[in-house]
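Below, subunit A partners subunit B and then partners subunit C, in two separate complexes.
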Partner chain A sequence: MDNKNWKAWLYLLPAVAFLGAFMVYPLADVLVYSFEEGYNSASQTFFGTGLYNYSYVLHDPYFLQAVKNTFILVIITVPISTGIALLISLGLNSVRRLRELYQTVFFLPYVTNTLAVGLVFMILFKKTPYSDGMVNLLINWFGGESVDFIDGPYWAKMFVMCFYTVWVVMPFKILILTSALASVNQDYYRAAKIDGTSKFRIFTRITLPMISPMVFYLIITGFIGAFKAYSDEVALFGTDLNAAGMNTIVGYVYDMLYGNSGGYPSYASASALILFAIVFTITVINLLISRKNVHY
Partner chain B sequence: MDYDRIEQRARRRETIRKAITYFLLSLWALIVLFPFYWMILSSLKSYSAYNSEYIPKFYTLTPTLQNYRDAFTAVPLSRYFLNTLIFTLATTAIMLVVILFAAFAFARLDFPGKNAVFALFLALMMIPNELVIITNFVTITNWGLRNTFTGLILPSVTSVFYIYLLKENFEQIPDELYKAAKVDGTSDLKYLFKVMLPICQPTMVTITILKIIECWNAYVWPRLITDDEAYFLVSNGIQEIRENGFGRENIPAMMAAVVVISVPLIVLFLIFRKKVMAGVSRGGTKG
Partner chain C sequence: MKVVLDHLTKEFPSRSRKGDTVVAVNDFCFEVPDGSLIGLLGPSGCGKSTALNLICGLEKPTSGRIFFGDDDVTNLPPENRGVGLVFQNYALYPHLTVRQNILFPLQNLKGKDRLTKAEMLKKADEAAKLVQIEQLMDRKPSEMSGGQQQRVAIARALVKLPRVLLLDEPLSNLDARLRLQTREEIRRIQRDTGITTIFVTHDQEEAMSISDLIVVMKSGVIQQIGKPQTVYDDPANLFVAKFLGTPPINVFEGRVAGGKLLLGEDEVLRVGGVADQAVWVGVRPEGFIPQEAGPLCCRLEGVEVMGRDTSVVTTHPAAESVSIRSIITAEHRINREAGTVRFALKPAKVFLFHRESEERIPFEAG
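Presenting the complex of A and B:
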């Protein structure tokens, strides 16, 4: 028996070692970092412990800008993407011909490299001296003025950022919602048909309650994902997000860690923990709301 | 009441509803596909043709492959490509071994504290990557592993979620099979590779594909841990090309690079479409 125990731990050893070194230890360490004041990564010394790092981060205009950007992004993209995904899934569910083709096409953004395709979006939206770009051409057709979406006004940059984020997150939501819709018991619909229930009523009284767990799942993961936005922004606006005024909280963490403004793991840790606190709070709120409204 | 008229009206309404549905689905399909069309189109336009179009054209009559030649010669795209391939294959292979052993231990072996350790593993699933990446960056730097494949690969060779997925799958295999193998004197290791692995092959394939997608698109960690171009992956490679490549704003060549980077995953997806979609709906996290 003893021999067997020893063997079992041997099988677990690689996983335990990697998780210990790269997940458990860092978790403790990030807390330590966030309370070490004036930490110097070259000499590995610090001169005090306390809440200074948090206070620094919370007073940093770049951080506040990042928080603002992230919140706007979350508030706009989560409802819009979930709503459109629901519409598309309902549409997909009601047609038979070409359904597989549509599903395949809709899934494509999931398997593309965000950084690479983000460049295409940048080119579509960018206004240069040589060309106003594809999107501005469309705007001009409808009689609008050209706008520089990449280096222009704040709302225009925010629009591209939200548009691209929705484009990227859509495949996952469509996939989850179509399979949720397909798994609703057809007997309910047949019963409703016999009763002559209207389409709208069928949707609000049968479809929506039946898929509500999945909708809430998507809203929760959508919130978490959008709060961690970073790569999409780099793809559109380049690595110097602070200069573009389009930084996100995660972007701020990485900028503090590395790059031209980097070398401050303490500030990075403090801001990462603040982000974690925000995400945690919002997830708890979401769960509380869903417990009240979701039909299981 | 004219029964025919009612039926006709109902049919007409149904047709209109169908038409609107197809229109909306096609509209979204167009939004999804247009960037892909645009990147292929732009990659086929010559540098001078692209820059002389103040109003961009939706087609080109003189397609050229020069941009693809530029993408592979003017910038080290093939190097980025090769690096990504090594990184993806090594990470995926090591991870498969690690999770295979861990899942086997949890599913088949009995040892004190098993449930407690497994609960601890599950708890780790809730830890966001952003929180641990700071220390990992410092750790890898202190170990002198920046700008090495080891440094790139090490932190991403375990996944609690995949261990969980595989363990669930292993537990569906009846106990009798294991006992029969034990009676026959089969070793644990042999049983794992000769019996469990073949039975759970579908799950292994799904995990492999999901991990390959994840590795191919990895950006944050490679960017933090490499500043030597010799170790860039396609994600930070394309960013480098955007910011310093080609010496001038050569958008057609940039688009050619984007096409080259996007093709492998799209091909993989089209081949394993059903598996990828089933896998993502079980364990996808993006979005």
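Presenting the complex of A and C:
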């Protein structure tokens, strides 16, 4: 028995060493930095320990703005993207002709380069000296006023941000949900048909419970992904997210480290740990709910 | 409720562009008497499941009509036919309890057919009682054995009081012991409810043991319909003779010459009224009588004692299969040391079939 244990640890050694050096050690370091006041990574000095960094971050209006933005983004995009992905997957699952074509079309954003996606959104939303963008053309056509989606009011920018996020995360969700739907045994539907079950009831009582593990998986990973949002905001609004009022928590961490106001690893560590606490709490809540609602 | 199939045909388009259409069910005509238990029997791929799907309405026939009693249900959707179907894998909803599973069909009813909650629960309890699973009502399907799941599936099919109950390979997912028990259970439930029941199986023993009538199918065509014993004793062709009975029938290449049946060199029987020709000869395992001067001389390969009777394994040059298996009563002692054993044949257990068409050729024994 001991011999076997020894061998198992030997086999695990490369992975353990790698994870220890590149994950556990840096994570512990972050935790340490977050309690060290005014830590300087160049001189490796600090002048005190305590909760000051947390207090600073939690009183920083930029951080509070970033938290607000992130929460709005999460609360809007996760349900909407999962819901629309479910609708599209149900549609894909019920069409016979041209199914592969539709599947490819819906999956395209996943394989498209981020810069190309940015370009598409530029054409859709950006105001240039020559045009107001396609969405504004549509708004004008219906008799509305042009809106500056990139440099304009907060709600317009937030709309673009949510729209973009939903659009980017959707293909993966559709992929997962179509395969989940396809793996439901057809006999359940045949049994339901013989019993004269209505379409709505088939969906709520059979389809949804059957794919509920996958739906919860998507919701949990969707929450985590949206809390980590940053690069999409840079693609849309440029690197100075604080000026645009569109910063996210991860963006704030980055700014604290490397941005114009950067060079504060202690503040960055404290805000990163606050993000971790938020994501952890939300995920635990999600898991508790899913344990009650996912039946097998 | 009697069920009438009138020239029922189902063709499936070919997978490839050029290929012929596949005729899964070919010109079915038969009548299922009210309140009887019918076994649709055939090897896999013979179209028996398609026939079941046509009756319950999951498939539309290419041509032909289906009647339940005097109602033409050919174009009715499944939910309006009043059928209950038990799937081979039971198709119980895994996230619902037994009670919820049994209630499911009742909760689908709308308008005037809709029952109150109390009535639904009462009906579900009655159905559960019929299949003896009252004590399992709050379990999930995954917490039950295969046999219990089977009963739940039957209860769910019965709870709406269907006009016709259909079972698709009801016993194939159960182990041998449970299979025996469950097939008697199905027979009992069918008798208690009096619902016309059609079940599909590839297991001839299962079909013979509980059916009032069996329908033997091959490649979408009905070979023979009749009471199990009649079909066994009087098979219409070589396929039916081979398909029914365990151990299976022994088939020989034989010929009829001058009113006598010859297996190789052995003159085994007098067969009256048959023209001289080459034939297939089928002899049931119980059709052999060991006799010292018997006309059929076989090389003895082995004797298997089974207590009540004895199974004698022999070979014969004219036999189609490698070995011949005969079942004789334990009173007959076989000398294991002897190289050969001689048999006389019981005329009623010997069938002649045409060499090409494989249809039965009747003969007069004597």
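By our rule, the second predicted complex is superposed on the first by the 273 of 296 C-alpha atoms of A that agree within 3 Å, B and C clash if a C-alpha of one lies under 4 Å from a C-alpha of the other, contacts with A are read in each partner's own complex, and residues count from 1 in each chain.
Rule of thumb we're sticking to: contacts are C-beta pairs under 8 Å (C-beta built on N, C-alpha and C of every residue); 3 or more make two chains touch, one makes a residue touch a chain.
Computed from a predicted model, the values in this text were never measured in an experiment.
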{"item": "Simultaneous placement of subunit C and subunit B on subunit A, clash or fit", "value": "fit"}
{"item": "Partner chain in contact with A:L177 - subunit B first, subunit C second, else both or neither", "value": "neither"}
{"item": "Touching partner for A:G238 - first (subunit B), second (subunit C), both, neither", "value": "first"}
{"item": "Partner chain(s) touched by A:P209 [first = subunit B, second = subunit C, both, neither]", "value": "second"}
{"item": "Which of subunit B and subunit C A:V135 touches, first, second, both or neither", "value": "neither"}
{"item": "Subunit B versus subunit C as contact partner of A:R201, first or second or both or neither", "value": "second"}
{"item": "Greater subunit A contact set [subunit C / subunit B]", "value": "B"}
{"item": "Partner chain in contact with A:M23 - subunit B first, subunit C second, else both or neither", "value": "first"}
{"item": "Where subunit B and subunit C come nearest after superposition, their Cα distance in Å", "value": "8"}
{"item": "Contact residues of subunit A, present in both the subunit B and the subunit C interface", "value": "none"}
{"item": "Residues on subunit B engaged by subunit A in the complex (per definition of touch)", "value": "18, 21-22, 24-25, 28-29, 31-33, 35-36, 38-39, 42, 51, 53-56, 97-99, 101-102, 104-106, 109-112, 114, 117, 121, 124, 127-128, 130-139, 154-155, 157-158, 160, 163, 188, 213, 216-217, 219-220, 223-224, 234-236, 238-239, 242-243, 249, 251, 254-255, 257-258, 261-262, 265-266, 268-270, 273, 276-277, 280-281, 284-287"}
{"item": "Residues on subunit C engaged by subunit A in the complex (per definition of touch)", "value": "56-58, 77-80, 83-85, 87, 89, 91, 93-96, 104-105, 107-110, 140, 142, 160"}
{"item": "Subunit C contact footprint on subunit A (complex, rising order)", "value": "185, 187-188, 190-191, 193-198, 201, 205-206, 209-210, 212, 295-296"}
{"item": "Subunit B partner contacts - residues on subunit A that touch it in the complex", "value": "4-5, 7-9, 11-12, 14-16, 18-19, 21-27, 29-30, 33, 41, 81, 84, 87-88, 91-92, 94-95, 98, 102-117, 119-121, 123-124, 128, 130-134, 137, 167-173, 175-176, 179, 221-222, 224-225, 228, 230-231, 234-235, 238-239, 250, 253-254, 257-258, 265, 268-269, 272-273, 275-276, 279"}
